[in-house]
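Please find one structure pasted underneath; my questions will follow.
Going by the order they are written in, the chains are A, B, C and D; count residues from 1 in each one.
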Amino acid sequence: MSSRADDTDAVADVGLLTPIAAGTVGERLTSDRAVVDAMVRFESALLRALAQHGIAPTTATGVADAIAATDVDPRTLALAAPVGGAPVLPLIERLRAAAPDDVLPWIHFGATTQDVVDTALMLMAQDVLRQVESDLGRLAVTLADQVRAGRDVPLVARTLTQHAMPTTLGMRIAGWLSGVHDAVDAIRAAPTLPVSLGGPVGTTAAYGPEGPDVVAAVAAELDLAVPVTSWHTRRTPVAAIVHTLLGAGAAGGKIAADVLLMAQSEIGEVREAEGGPSSAMTHKANPAQSVLVASAARELPPLASVIEAAAVAEAERPAGPWHAEWQSLRWLLRLGSAVAERTADLASGLRFDQVAMARNLDQLVASVGADESWVATQTDATRPWIDRVLARHETMYP
Amino acid sequence: MSSRADDTDAVADVGLLTPIAAGTVGERLTSDRAVVDAMVRFESALLRALAQHGIAPTTATGVADAIAATDVDPRTLALAAPVGGAPVLPLIERLRAAAPDDVLPWIHFGATTQDVVDTALMLMAQDVLRQVESDLGRLAVTLADQVRAGRDVPLVARTLTQHAMPTTLGMRIAGWLSGVHDAVDAIRAAPTLPVSLGGPVGTTAAYGPEGPDVVAAVAAELDLAVPVTSWHTRRTPVAAIVHTLLGAGAAGGKIAADVLLMAQSEIGEVREAEGGPSSAMTHKANPAQSVLVASAARELPPLASVIEAAAVAEAERPAGPWHAEWQSLRWLLRLGSAVAERTADLASGLRFDQVAMARNLDQLVASVGADESWVATQTDATRPWIDRVLARHETMYP
Amino acid sequence: MSSRADDTDAVADVGLLTPIAAGTVGERLTSDRAVVDAMVRFESALLRALAQHGIAPTTATGVADAIAATDVDPRTLALAAPVGGAPVLPLIERLRAAAPDDVLPWIHFGATTQDVVDTALMLMAQDVLRQVESDLGRLAVTLADQVRAGRDVPLVARTLTQHAMPTTLGMRIAGWLSGVHDAVDAIRAAPTLPVSLGGPVGTTAAYGPEGPDVVAAVAAELDLAVPVTSWHTRRTPVAAIVHTLLGAGAAGGKIAADVLLMAQSEIGEVREAEGGPSSAMTHKANPAQSVLVASAARELPPLASVIEAAAVAEAERPAGPWHAEWQSLRWLLRLGSAVAERTADLASGLRFDQVAMARNLDQLVASVGADESWVATQTDATRPWIDRVLARHETMYP
Amino acid sequence: MSSRADDTDAVADVGLLTPIAAGTVGERLTSDRAVVDAMVRFESALLRALAQHGIAPTTATGVADAIAATDVDPRTLALAAPVGGAPVLPLIERLRAAAPDDVLPWIHFGATTQDVVDTALMLMAQDVLRQVESDLGRLAVTLADQVRAGRDVPLVARTLTQHAMPTTLGMRIAGWLSGVHDAVDAIRAAPTLPVSLGGPVGTTAAYGPEGPDVVAAVAAELDLAVPVTSWHTRRTPVAAIVHTLLGAGAAGGKIAADVLLMAQSEIGEVREAEGGPSSAMTHKANPAQSVLVASAARELPPLASVIEAAAVAEAERPAGPWHAEWQSLRWLLRLGSAVAERTADLASGLRFDQVAMARNLDQLVASVGADESWVATQTDATRPWIDRVLARHETMYP
């Protein structure tokens, strides 16, 4: 097996069509290389656990270390995957090729393809969710500062595209911040993701009565949880990840939507720090980061629906639904984390224009035939709500 | 305004194309009538709260009682809705028509269309989720009995359509049961749904500094929660409902998928209590309930994606996303609760055929060249997992 | 069987949550009543065809007439549907109840449930598509007039939310019109929808060698086409309907999106004829029709995905996918036709504001540092494109 | 600009999570490399057209040739893309870097980012659809042979999971073949895809009155069609591609679904040529190709819904919808063509087992209490339908 399949450059996707993700941390955490590394971690942890429980010989521990350091080329696995329908058999062959004879039979012992892939995806998801929480935290802190700064800055609230009533910039951003808080709460409240180790039919039969113990040992090694029972066809953990990522996507997407609205040429209440240059018009500065975030937010729900539909998985392991999850979950993780990272960047660079806000608000005041005291009455009402949001923020980020 | 628009029969949907829901509790809880009743409850509760806080005159309390008893025809509202884009203005006109002059201005005071509809949908969702929890509880108890009864009944486990290894009927059903447990846990862990009362732009400005207090009073009246701030464009509560319903749909859909597989003519391991008659073939008994459940489970994820996409809602109230939620949320609630109710019925009537199970298992044993002790080794391993699932069950349903 | 199930009012959906459709022609064409009528038409046509071919006695022709006039209550069928999974068996019982003994066995002879429902849905779709073509035609004529009137009206073109370059109102509306043309072309190019009459397993075995002739006779009676072979599990006709409706939805949705943008308070380039009143703010006139159209356009793609997924239908008739089509197809038809009708109304009432257009364009001209000749150079370039669009229009609507 | 960004291996997707596509022709046709090549082709063709029309100097033709041969690294473009939101500006910089000063201003002259990306995607789609038609043709020829061979092979037809009535293998495969015919017809009937060249706001203003001529020249160079007017926000061409790919996906998905059903251990009517090995059970031969096809067929409709939703694109170029198309369209093309290629391979290797068919049919005959003549009556009825399908086939593949 060569270290690199030679058609890689001709077939690789390297982010060209997903600028939202290109160069982000989440892109790297969800690459094919990352998946392979996580699959290798699983096999290594399993072998170590088998040695611990006296199922594999004690020498297996050293082999587990060696496995963890094996260089495996993703494209080579990919090209070998179609025969069996998954990239696991070629991986095991690769790992066994380097193992001594007495340990060789214990590599992957008692596990099934789905255990390897599902555990790898959970390890990836765990990393990504940690990163998302971090980026959302950065975003929340930025927004909280903007809420405080914008507390007494009146501007026009819009409903169904029309000027409605006065509000404050602080109130609008408090709404953004609350969405981010909700997304962070969901990540924090989520239980640790589970290891998958059910064996061919979810019974861990190869380990005899020690099944739950072996599962617990592998889980401990990988910082994952022990499931109540096999989740080969009970996709609750995946559904939870999806729900969490949708929350992050919604929080970021809402902010991008408002920036896109406020940044319109006639409105001009905000600009991105670095307006995106146009390939055709030098006078333009596009809100390019918001466009990318808005675009990614549109892709998440349909990707989620692939996974939600795959929850109906027949038999002990299904013929189609599960395979459809892989790519969709990877993209949810990648796009969801890209939304978090990009929105945090975006928010920190926003330039608010109070002159434009005042001008637009004057238009409303004139159309209503009101005066400044009316504005004050309206905007005063935002204070208790803003205080509630900031109080939550201080609890979450003390 | 007549009490009933006369084209109702010609346009009404009465369940003809959704047999899964026809006649269920959830159908009634999510009808247009139920929505109207909930909107009326909101307006009544708001008026009462305004009287309590001295905003409306004390006589408003009596009017609030009268409002609560108003008969409002859904079709009449529907026909008047397109002008303003929502069925709320015609409702308010209807309610005001019967109110005395001094109270009239206080009906709907400080609220906006979205407050009425969103609160009504939350009231509906609260009712439906309670019903779903009840039906899933009934289902869980049935399944737990079947797990216990099937604990030592070996049968063939199938993966990717093929005979794989032996398992037990108890283990398979324990998988179903765990899915139901997960769905119930999600309902139980869900926070109380919030009232919506932000007023035109989410600031409750009409109530002055008492905004949060008025909101709290209405929430208390309706057994709903007080949101940290307006959720007009922060759709976390709706997303949580959707996620919960998807969980119920997945739990039921998984069971239906397995019944459909096991009920196949060549497999014959289970039958529905009352096989559905065929319009063309009297010798057939279709697993009609499972078909309906499987069918509904396919509809849920795309409906969910409408709502997930609507989470990106621009400005203080958006021009499109929110309106798209209404019908999709109603159908998610209706189909989700129908899945729970029908699956509970379905499960309680399942007739397992141990002769068929033994026959199919023999085929596997022969193909592997094994014997009964091999089967016993495999099936023994299921016990600790079954015990874990049953222990959880006993904690949840003591 | 009573003529009306008594819980109808308590469960009926009468358009409350879909104001876009309430009161439209498409709502009526897609009601449960309309489905029942179409199912009855199928059974009547089949019986007549059987008499024609000497399979049923000649007296069956008179019974076919009587059947066609039978009053059948949709709710009664709906309540009886869950047992068998479809509303067809109770319909047949109802029709047989009134038939003489010698004709009774020939009612529904050789047909299966799916034939009845699928043919009824095709009849409904045929009616709806005719209506959509008519509404889109009305819309196209309106838009063509506006293109001509706006041919020399300069206004600012916007890209990625920003002022980009000058264009003309005629050019913008020519883009709308082209979308409508595309949608109409798709309807006109669509082949006649097929009858479904395959019998239990798609072989028309009950008719012996005359199968294709009987199918042709029923098709002729119903103005439907004869399929090359049974399409029970080959859903091309349904996919074609879906694609066509998505085209109508896109054409209307694009117009609504632009109206929503141009109608914003700061932009003010267009208003709807009757601005939607606000339940809370009397100074507002919401673009309510555009909001409804935009909202419906969001629901169509996910509904489409239910049907697209159901194209993977196993065996001779599947256990789930087909059942999931019914409701989704009805809603696609209803919402798609509502978009066409409402957009035609909307367009005919648009009030364009050339003062606002000039003001916004001035802003662009100033920001670029250009002058009027620059605007003229830019807008002159639109003429050949406008001419191409109008030429197509004149070919399509001579 | 180095020729290769050095983090490529760490971020590249090389097919690991999409074994259906790994190693297929469609994978290569849709890689980032292929997109870059197509973008370069567009810029080269545009420059040549500008020289032809005397807009650019005649020396530009030679530069156009040089551009066409430029080596551009996709990852470098991807990393530079987020600033402007698309990989076009860095591409133009790269191309201009090598151009002489007098030609430099004419590179990309009059075009906009969307023109480059949309045209590149059309070029890619054109290639992929040609490949899909070829693979479906191969599939159709295989199936037609199987229809002829299976014409008189009786087997049991199944509906709603249950034995229903006898049919023939030829009739079942004729259903598959008809689906493939439908998909091929759709590709053949599709109009040539259009070039995109509208310039910043769709008016081709940079080319003055020659706009349509320049567009026609570029279209001719690239074997694409001239649109009636700019389709920047009229996404009919993309919708047509999506519809066509869904048809291919449905045709393949249906076959895979039936193979998965018929290959079940208890049914055994068919096997794949090379059963996929199991990572855990050596006695198993999984129908791995069918699983992969079934899995891909599940991903297509949600991806389609992203693009269908993006058809509602505001203004002259929208802020989000269009960007969301790129990745979804690529995956639709890749997965759709993978389905066609894999299903063609799958079908050609199917091993039908007439003994199993007879055994299963005997079970039905016994349950009905019928005899062989009954089977013959039923199966004879399939002949005229089979003949119709084969007649169509011979017309399509003479």
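Criterion: contacts are C-beta pairs under 8 Å (C-beta built on N, C-alpha and C of every residue); 3 or more make two chains touch, one makes a residue touch a chain.
Keep in mind that this is a model prediction, so the values were computed, not measured.
Trainee: Hey, which pair has more contacts between C-betas, A-D or B-D?
Mentor: Of A-D and B-D, it is A-D that has more C-beta pairs in contact.
Trainee: When the contact pairs of B-C are compared by residue number, which of A-B, A-C or A-D has over half in common?
Mentor: When the residue numbers line up for over half the pairs, the pair is A-D.
Trainee: Which whole number of Å gives the spacing of the CA centres of chain A and chain D?
Mentor: 28
Trainee: Please work out the Cα centroid separation of chain B and chain D, and write it as a whole number of Å.
Mentor: Between these chains, centre-to-centre, one finds 37 Å.
Trainee: At least two other chains touched by the same residue of chain C: list those residues.
Mentor: Where chain C meets two or more other chains at a single residue, that happens at 85, 112, 158-161, 164-165, 200, 256, 260-261, 276, 278, 281, 286-288, 291, 294, 297-298, 302, 305-306, 309, 319.
Trainee: Can you tell me which positions in chain C touch chain D when the two form their complex?
Mentor: 85, 112, 157-161, 164-165, 167, 171-172, 174-175, 178-179, 181-182, 200-205, 207-209, 211-212, 228-231, 233-236, 239, 243, 246-247, 249-250, 253-254, 256-258, 260-261, 294, 297-298, 300-302, 304-306, 308-309, 311-319, 377-382, 384-386, 388-389, 392
Trainee: Any idea which chain C residues touch chain A in the complex?
Mentor: By the definition above, chain C touches chain A via 156, 158-165, 260-261, 263-267, 276, 278, 281, 283-288, 291, 302, 305, 309, 360, 363-364, 367-368.
Trainee: Under the touch definition given earlier, write down the residues of chain B that touch chain C in their complex.
Mentor: Against chain C, the touching part of chain B is residues 5, 7-20, 22-23, 27-28, 31-33, 35-36, 74-75, 77-79, 81-89, 92, 108, 110-113, 116, 199-200, 256, 260, 274, 276-281, 286-292, 294-299, 302-303, 305-306, 309-310, 319-324, 326-328, 330-331, 342.
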